[in-house]
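The structures considered in this document are given below.
Paired with subunit B in one complex and with subunit C in the other, subunit A is shared by the two complexes that follow.
And now, the complex of A and B:
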């Protein structure tokens, strides 16, 4: 066909190339307009100078940033031991709720009550009640640590959500997989362990990634019962320097971690949608 | 005594009676084909024989012992009766080889190494020797269905049930799967098929049963049933199916 003149492109390819160029131009132009508007218009607001001084103060940021990073290690630590505990407990609750044997009926009830309670109470309330309540029993020294009981509050709350996601994953495995596995002579337990769960877990990886990101942020709630993690540390700087910039610094540190994680979760989600099609 | 005997088998789903008193004898080494329109009860009957569905009434005997007693542990029976499904139902997270090894490892308690020669042999016999390491989504429909057959055979079943195993295949892939059935028949496997492949049933079956509304309307050797059907329902069905 008439490929010669446009460097070997077909009629359709030439058209699509032209369309792509057009789209990129429009996108670039509209982004530019928005940026200009922000840079020009926001500083025209009457309180801009004050806001700039108390929220975007370079000197304060430089001074507080290293210590904020230090405090963030505490967030990472709490996250690091809570996340595996949540995965295990969440899976156990999910399995308990689907238990079929009558002897395990109490477990089913318990699983249902557990998810109802801990999904129904705001995280901050659970952190307060467990974080202040249990040490109030007068436990001896390492056992009255807010790290332990604060982490437990996070673990309980997040397990309830994670359990529900696992259950959705178990339901998402087609029942014909169960039939096939049973027809081979496998027991209900073996069917669950070898056939259903591996597929269920894979199906919910993107959703669970989102729970991890949420957990990473909610670790900061423990600051209310004691641990000087990043949010609390930013508060200390705020009082010390009479300036809000440390909070912005804390937000930046969170974003450095959460943005790649969010992008990765989105990528997994998109890949899964493609595979399902 | 027949290998497999069904006596007045009744299966209901709520108010719908899917199998309405089915009697059937399958002799050892026989291939029995169940034909009939969709919804006649063929697939459900196979699921009942495999104890995937409990029956409401009647009995099912395997080698003369009742396997339909309520409360009987179905696991031991299912190992003796293999089943292959319309949509293959391979485990997508396992390779073909792992699919075939799972049940023998778990139920027969054998190790991978112990199973390797036996199972590789099966794959070779069915022309899948170079496909053992592939995942199901890397295989064609015909290959997947042959892997599903190998997977069922790996439990060394005495009876095999096939539930419309060529219905989900492209026409040019049907032949390779039917060839496998002929091979199994040669080896003396006892088989019950629900099928829409009239040509195959006529050529290969020892007995053909025509089902309608959960009953066996007519049964007999394929030549008799296809050439000189006695019942009006059978004639009507065949005239539509063989058009």
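And now, the complex of A and C:
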């Protein structure tokens, strides 16, 4: 049987197998060469010892890592309440921009203005303006908390992006589906809710995953208005220890979260492409 | 030994020539021969540097810088000012300054990465409170209950945790201006600064705020002292240290302090 299988390969299959083996050998060899070059050549640079002491200092990392992990909980907290709010607001803005009735024209203008403004302004500026500006109007505690207004700034900015992605998703559903549904007697509302949105949302899930990953990193921008999340905590260590290693520690923690998320987004994207074929 | 160095420094100071004489302490040790390059903050704040113009020699640190330079034998024209951030000062690699002077507190951890001169100022920590909290008594118990803030890159952060141990979470900011904004927005009641900075902020930047008390300079684990920062292993350090020693002995440093730093006796000690 085994003999049969081996012999069962056609000449072309055997050739292809050989080609595959050849290319994986080349890939392995070139990866090895690059790795060796990095490991051997970088430490030969004259400043390497100082760089290592400043950026990759084991003692400093051990000292700061537990507190960095602790501060990361604040990132997760802000992320956890911002993400659902962004999804809802983003969808509402997308629907506002897609309103068909002439009477709802002001809503379309609002949706367009919203995305223009919040997509066009750097996030950090929105965080500053809303995080310090609105509490400055004289709100009583705890309603002037930087957590509330900083999160709102993130929610507004990210909703603008997310709304555009949803809108692209809605546009990606062929117009004939809407016509067909209308001709069956469904109302505009029903068409949107039961026919278009389920497909539109499904189509944009991978793109929205990317927004989640970006949001997860941008939560750190709230450190500018007070919350001691991981980036600020790393900065405090950096100043006290005069060493940049805590930033590397923070980067490691971010990567632990974002790499699996990125791979998952890739997987979703690949699956979607397969299904569409 | 110090005396000999001091004499050498003084005698060199008398020769106010552009080119440094052979055998001079700083000869061959500065980035540009015959020039003394000093970095300050961007912007540099009152009362350390007046009007963000260190070239004027006005302000405590600017005045100390020119006095040290003169002590080392540099003419005022040979002092070059550059700007730098904290991060630039501690990053590995070549520096764009001979010394960096922007209220750097000397700590053993920082000393492992860079070098510090002997201290030119001992900074007591002071409590600045927002307009809404000015009647807080200057006692530790009352201070603990306040909502605290601070500048994340200063030693005030660790001092706050050591000495005050606030009940609630501390909010940290990038610079003085952001602390100001948070106080104006009533997000924090109090912040910890070195005393001269606290007095400046309350007098000029944050309307209605008040410095309600100071901690002695030796409160907490270690003394908070400002030193000039050098790249690790810079041979110029001994020259600057000698100059500072001379200025401490002859009272020049104290005179500069009296001229530029406000009288701080009016601020009560915190019990």
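The rule is short, and it goes like this: the second predicted complex is superposed on the first by the 270 of 277 C-alpha atoms of A that agree within 3 Å, B and C clash if a C-alpha of one lies under 4 Å from a C-alpha of the other, contacts with A are read in each partner's own complex, and residues count from 1 in each chain.
What we mean here is this: contacts are C-beta pairs under 8 Å (C-beta built on N, C-alpha and C of every residue); 3 or more make two chains touch, one makes a residue touch a chain.
Being a predicted model, the structure only gives us computed values, none of them experimental.
Legend: residue contacts after superposition of the two complexes on their common chain; A:50 is shown touching subunit C, with no touch to subunit B.
Between subunit B and subunit C, C contacts the larger number of subunit A residues. Contacts of A:202 after superposition on the shared chain: subunit B is touched, whereas subunit C is not. By the touch criterion defined above, A:184 lies against subunit B but remains apart from subunit C after alignment on the C-alpha atoms of chain A. In the superposed pair of complexes, A:232 makes contact with subunit C only, with no contact to subunit B.
When the two complexes are overlaid on their common chain A, residue A:146 makes contact with subunit C while staying clear of subunit B.
In the superposition on chain A, contact is made by A:194 with subunit B only, not with subunit C.
For the contact definition in use here, the subunit B contact set and the subunit C contact set of subunit A share no residue.
On subunit A, the positions that touch subunit B within their shared complex are 176-177, 179-187, 190, 194-195, 198-199, 202. Remark: subunit C residues 86-87, 90-93, 107, 109-110, 112-114, 147, 149, 152-155, 157-158, 169-174, 178, 181-182, 184-188 touch subunit A in the complex.
Put simply, subunit B touches subunit A in their complex at residues 47, 50, 52, 74-76, 78-79, 81-83, 85, 87, 89-93, 102-103, 106-107, 148, 151-152, 155.
Remark: subunit A residues 47, 50-51, 53-55, 132, 135-136, 138-139, 141, 144-146, 223-228, 232, 235-236, 238-244 touch subunit C in the complex.
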